[in-house]
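Next, two complexes with subunit A in common: one pairs it with subunit B, the other with subunit C.
What follows is the complex of A and B.
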């Protein structure tokens, strides 16, 4: 299977601190890849580099067949790349459905002149965007919070709204930064099912950063482990579970 | 019933403030500065409208309708030429540029049209009409109605169209908006266009009552700014209501207390209000910007 994501020699440092250190890995098309590591390992920084939020000091990234680091951030959705955030980047004062509908901004675009003048093309695009948003909210079981201001929702629910917003963009490569944070066990189990389905049914390639090991082990095809910005292990969940370097890294951090 | 004409003339003046106040808030949401040149853009656009009027002989109402697209173009162009190049720097740099635009338009108007005041033809009949036993000025009514229509259109645009919602989204979280593919740069240009369109409309609405000259918007931008802060600079409806309230207060203080203190009275009241409610009268609570 071809790779949806090929990262080569990625490095990023913050005033001397090497947050990402000569990192290389590949993610196969349609697979779910876990990215784990202790706190401060550089996982979020990696996602930021891969979504053009920070520009790495060095490295080459090919995503879905194009040179990702050559694209400006606003072109990523039409290129098929989307993400969610560890600490939420929602439009806080907008309702849930408005937030999700914004995820279609790139895909269902009528051109801003058509939008400003309220031409029929823009009204059709708007209707389609809201229909898509409603369907995504329904799929994640969020229909009843449709019109609530997102800032008033619990953290876990906001995370799901953010996931819905990413999904309506119809990404082919989706990166999630700790989607299960703030969720209880039932919710994270359900999230695991959603993630598996996205990979299996829709062919979406997923890069999943997550501390909930139950979720990572059950949802991922492969897992890569990063410590201090460096790749220390890579393999199937079984292999990772048995890898003593990984166990050491986590025990050293005082977590299991 | 002598309070009715007073109320209406207060609301009419407040409407003029509101159009300017709204344009200040719209630009602030997009560019995070107060655009000092907002009044001068209105003044300059009014001069252009007057020139169009005398060159073409179009009906004055057509020119009023045209004032919005004329203003839109001026504002959008200004944003592209003068604001974008400094937008990535600190907000103070942008603020200085808007001050520069203030003086630029002020002198430019003097160079092009001279320094003598011009008369602007009346938009509405001048003879008062009787409403419930009181004599009411059609001009006041006309200004109020037009402003309310503009506000309703703005409300529908920002709350019920996707582009308006995207503009609000871009103002709340430009970073996430970019990641959704929203062109935050275009949003800023459109915001400047909208704001300038509103300012030129306010200039044309007030022009028949005052005169058209370089100084025509000086007091109005200060009052529009003050009224917007009184109502709450973070919210468009709040700012609009604050401006209307300021106009009415001025009218009543001018009539019942003393005409010479009405300007200072308004500002004293605003300062007192802001001591009690720093977020303005009609905004829920002070929120940190994202």
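What follows is the complex of A and C.
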């Protein structure tokens, strides 16, 4: 299997503090890869570097065969890279379906001229985007909240809306930042199933940052463990569970 | 239901001038001229979330472009509308450049600075603009016919407003409009969804400025004269006040805002020196008490009635 993501020597410091320190790892195409580590390990910074929210000090990233760090942030969806956020980045004042439709708006849009003139191409694009959004909402069992303002929805549901928005972009590489945060046990089990299905059925490669160990262990093919911005272990869930360095790093955090 | 409301509003707009005198016609013309500015500012601020305290600058560019082309070059008025929109639109592109780097207060100051510079250039360039004396502007005309009365000019204005309204509504309902809304609500998420922040910001600034430029061309022609006094900071603040008072997030709000700004001098005439103060007070008052402006009153009233019924 070729790699969907190859990170080489990624480093990022904030005012002298090394958040990511010479990090290298690979994620095989179509696999689900967990990225775990204690709080403050630099997981979100890594994800921000890999989705062009922040620019790392050093390193090379190849995603789906292109040089990821050479692309501006808004070009990533058309390149097949999409993400969700830990603390949600939704369009709070818009309805759920509007939010999800935004995930494919850039791909389907007819262009400013057609939109201003109200040409059929523009109307078709709008219809197509909303049909796609409705299908994604239905697949995640969210049809009921279609017209609700997302700010009024529970946190866990907002997370699902954000996932739906990422999915309609038809990504081939999806990075998720703590998708289970704010979800109860039933919801996170269901989320685990969804994630497995995305990998198995749609061939989407997933990089999953998550604290819910049950979800990580059941959903991931491989797991990489980061402590203080450095890779300390890498392997299958069984290997990680038995790894002494990982157990040490997590001592006092209860799990693992 | 919506179609009926639109037809009714159109009917009222066409019927209105038959019930008022010449001064009423003049005020109606001004209301349409302001409504176009309100539509453009609503798109920029209400939809895309970009502030501008410099729209008087785009208005001035449109007004002087048209007036100079008509008087010095002999271009037909209708054609000058296009050029006015184009020139103002290009200026909008330039003003969008700071918007790519700064937001909020800083963008407000940058746009304000732009309009001050524009007005100063027009003032100093007296060979072309008449400088301190200002310049006379011929009546609006179409296909060689001069629209001598405001009564006839009003119908031309109404037609141009209808076209503008159509373009703006089309855009607001499209995926492009959705993208503009998205950019206002979360800059970062919009970009993650594939919105090119730079080109989108430049487009919306250019479009907004162009519409305001066309409005400016009419302003000079209806007024019959131009001087740089018509394009001060007070005017830009008046524009801002009208979109807030009318309602920032709907085209109905923009139309109400136009009416408000055209008729408010009638009520404020006695308080000439207090105009800035009153605009400021209205701005703050509306933002706190009625953030969606006059346009949201029917919805609010309906909710109140329902609550009483329940």
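In the analysis below, the second predicted complex is superposed on the first by the 251 of 256 C-alpha atoms of A that agree within 3 Å, B and C clash if a C-alpha of one lies under 4 Å from a C-alpha of the other, contacts with A are read in each partner's own complex, and residues count from 1 in each chain.
As a convention for this text, a residue touches a chain if its C-beta (ideal position, glycine included) is under 8 Å from a C-beta of that chain, and two chains touch if they have at least 3 such contacts.
None of these values were measured; they are calculated from a predicted model.
With subunit A as the common reference, the superposed partners subunit B and subunit C clash.
Legend: residue contacts after superposition of the two complexes on their common chain; A:177 is shown touching neither subunit B nor subunit C.
In the superposition on chain A, A:212 makes contact with neither subunit B nor subunit C. Judged by the touch definition given at the top, the superposed model places A:118 against both subunit B and subunit C. Contacts of A:101 after superposition on the shared chain: both subunit B and subunit C are touched.
Contacts of A:77 after superposition on the shared chain: both subunit B and subunit C are touched. By the touch criterion defined above, A:90 lies against subunit B and subunit C together after alignment on the C-alpha atoms of chain A. In the superposition on chain A, A:169 contacts both subunit B and subunit C.
Across the two superposed structures, the residue set of subunit A contacted by subunit B and also by subunit C is 51, 53, 73-78, 82-83, 89-94, 98, 101-103, 105-107, 109, 112, 115-116, 118, 122, 125-126, 129, 165, 169. Residues 51, 53, 72-78, 82-83, 85, 89-94, 98, 101-103, 105-112, 115-118, 122, 125-126, 129, 165, 169 of subunit A are the ones touching subunit C in the complex.
Of all the residues in subunit C, the ones that touch subunit A in their complex are 166-167, 170-171, 173-179, 181-182, 185-186, 188-197, 203, 207.
The residues of subunit A lying in touch with subunit B in their complex are 51, 53, 73-78, 82-83, 89-94, 98-99, 101-103, 105-107, 109, 112, 115-116, 118, 122, 125-126, 129, 165, 169.
If you check the complex, the residues on subunit B that touch subunit A are 161-163, 165-166, 168-169, 172-173, 175-184, 186, 190, 290.
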